[in-house]
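What follows is a set of structures to go through.
You will see subunit A twice below: alongside subunit B first, and alongside subunit C after that.
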Partner chain A sequence: MSNTYKIKKVVVKTEYKVLAAILIILAGGLVLLPKYEKNSGIKPESFLLNIMSTERYVTTDQIANKMINQDPNLLLIDVRKKEDFDKFSLPNAVNIPLAKVLSSDSEAYLNQDTYDVVLYSNDNCYADQAWQLCNRMGYKHIYVLKGGLNEWFNTIINPQEPKITDSDLAFKDYNFRKAAAMYFGVGNKTNTAPKVKPKRVIKLAKKKKKVAEGGC
Partner chain B sequence: MGPLIPNGVIPTEWNFVIAILIGIAFGFTLEASGFSSSRKIAGVFYGYDFAVLKVFFTAALVSMIGIYYMDYFELVNVEQLFVLPTYTWSAIIGGVIMGFGFVLGGFCPGTTLCAAAIGKIDGMATMVGIFIGIFLFSEFYDFIEPLFDGSYLGRITITDSLGISPYWFIFLFTVFAVIAFYFADVIRKRVKKVFY
Partner chain C sequence: MKELEKTKRISFSAIIFILAVLIGVLSFKKPKNIFKKDNNITLKHIVSQDFIISSKDLNSKSKKQLALIDVRNRFEYNKGHLKNAKNIYTANLLQKANKKYLKKLEAENKTIVLYASTPNKASGPWMLLTQVGYKNVKILCVQTNYNNNKFTTSDYPLEKPQYDYAAFMKKASKSSGIKPKKRQRKVVKLVKKKKKVAEGGC
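Up next, the complex of A and B:
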């Protein structure tokens, strides 16, 4: 056996020992690392940014316009309690009370890619809270009706006539709102009840949690 | 962030391209480390060469430790990774058949293709055998089906069924593997050397 062969043999032997030691140390490191609870959903920083942004708000005029044009992508969700929803709500809305936003039944409505979901309550306070929950979970296409139903009533159902000195735009808005109000049944003097459209049935497929498929 | 494709970091369309690249690298590595020789795999059973055992154990250790470190630093979500569903009896019986095939042919499915690709006749013969096996399985599927689909346990992992923390399991498994390497060497030194 030559000398260099001996040295090589020693080097290879110690190399294996070093490699084995590295593996054991790394595995031991996993055991010793301090454990922490992982956040589900989006990161806190981006959540904060999303909350500060006002991109989530849509105005009553926009919603009225979409409803009149029967935009098939619009999905209205009323986050008030069931009693309030039964008394009055927007046409074709779905009721998901704030407390049930995170329940598994509501997930199909909120965690989807088909519709633009608009949340509303009496003001936008509860709707904002529901939006925060959804945003935190990483749901997409969720919006909030700015001012909620009160704003809806003040602008669409009972619009204020602008002053004579107001801009042209204000008059345009006013005209649109008056027309919209008629569409939604205001000033319907003939004693027939406004046509009640059949309740829209929304077929929803639960979004499957994506799992990598594969095998050997 | 990861896994990259299910989370949309890499578009799904790239799936097959990446699979082909990884497959080529895998085949190249198998051939480069001499796994396309049937004697290498048979050596594990006769005790003169434990390279296969070492390579696959090391691969398991490296990926296991790596994935859990990546999970810890939130680069990969372990819960999103694919876990092969467990069917107890079909796994046991299939494992026995595969084990026989290993000793008889001296190939695992991957190395068969490598050996066939470099022109080894026994590799090609094993490949034909694989297809005969697939054919028989498909023909007798109705007969085998209750066994094949029976005793389904779902996508369970060893840490679920043992109720042990994955970190501890990884540590114990690593220690076990290193001990196995050591004893494999001890056995190899006692067995008569085979040159090939």
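Up next, the complex of A and C:
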């Protein structure tokens, strides 16, 4: 009976010993491999491509259209300072000053996929910089209002009258902008009828069918 | 016989394992470019706007300290560019040759000054270079013009509101007599994305 409780001496073959030693050394080597810093977010090459593409811009007409149709997916974010925001901003916009773009509260606004976020400021620059920061972190669905509030004022609130020589599209845009201006609280007292491009009158001389002269 | 089978199996699997590890080690590529600087550092720069210089500062600094880089494409560069400016198109910023050139400038302690047709177009390259690790990069706040076959630059009013918005809107709504409807402030329900802890292994 004492025999069965004897601990069997395990004779390990030398080959197995060598094998085990090699594997342990390899494992140790893997741990000691030089650590290459990994970045959170996107790679520099893709960042460069994103900087160069103009996909991120939305025009003032598109935004005005969305606001008038009360698109529920739109979220406007003003990146100027709080004082500028309090003085004037687009309706229903949220203020996230540039300094706070990376804070954890603003992450809730920026790092999500329910709303389409449009950043704007007085002019492209600050909004673009905020967009670049967000892009590096890998946030999606973020766009920039091209021209910012300066462009907003020049197109929607105070649109330029198209000249007679402008295209039909220019007239269409102008009428849309005038209507949009009224939605946003600007307009003239005088009832301006929508401008119609004067139709060009082309006088055609009817060609008289000439009877064949002479032979058959 | 059984013993032989066992040793065969073990040595076979061992060889495969070692091969796999070797292949993994050899194919381990160091990423070509990595962001060395954090976003927060660039944010500090952006908020203080200390990386923008005007053409006045450009002229006051000695030529030896500066290295002008034109980040437009080569067609625009060939039409006209600032004196002593080297052309590196934005898309080529991360190429080997240009990286070498920029590193050389860093070693010589020169300030790298970028410019493009508008400062906005130069802000992207600026952000890329600062985040990859170059320390002394600035933007020249000019817009380029091309008149009468002459290339000129003029100061760009960065982020200046063209109108006093509030006053304009007040005047406009007064004259129209239309009272804008008071729309309810949109309630934005946001779900904070929970940072998912990596499940399982490392």
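Basically, the second predicted complex is superposed on the first by the 165 of 216 C-alpha atoms of A that agree within 3 Å, B and C clash if a C-alpha of one lies under 4 Å from a C-alpha of the other, contacts with A are read in each partner's own complex, and residues count from 1 in each chain.
Keep this in mind: a contact is a pair of C-beta atoms (placed from the backbone, for glycine too) under 8 Å apart; a residue touches a chain by one contact, two chains touch by 3 or more.
Every value quoted in this text rests on a predicted model; they were computed, and no experiment measured them.
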| Does subunit A have more residues touched by subunit B or by subunit C? | C
| message | Which partner chains sit in contact with A:28 here, subunit B, subunit C, both or neither? Use first/second/both/neither. | response | first
| message | I'd like to know which partner A:170 touches here: subunit B for first, subunit C for second, both or neither. | response | neither
| Both subunit B and subunit C touch subunit A; at which residues? | 16, 23, 26, 30, 33, 38
| message | For a test of understanding, state which residues of subunit A touch subunit B in their complex under the given definition. | response | 16, 20, 23-24, 26-28, 30-31, 33, 38, 209-216
| request: Can you check the complex and tell me which residues of subunit B touch subunit A? | output: 3, 5-7, 58, 61-62, 65, 68-69, 72, 74, 80-82, 84, 167-168, 170-171, 173-175, 177-178, 181
| message | Looking at the complex, which residues from subunit C come into contact with subunit A? | response | 7, 10-11, 14, 17-18, 21, 25, 28, 30-36, 39-40, 42-43, 46-47, 90-91, 93-94, 119-120, 123-125, 127-128, 131-132, 158-163, 165-166, 168-169, 172-173, 175-180, 183, 185-186, 188, 190-193
| message | Could you list, by residue number, the parts of subunit A that touch subunit C in their complex? | response | 15-16, 19, 22-23, 26, 29-30, 33, 36-39, 41, 43-45, 47-48, 51-52, 75, 87-88, 91-92, 94, 98-99, 101-102, 107-109, 111-112, 114-115, 121-126, 128-129, 132-133, 136-137, 149-150, 153-154, 157-158, 182, 184-189
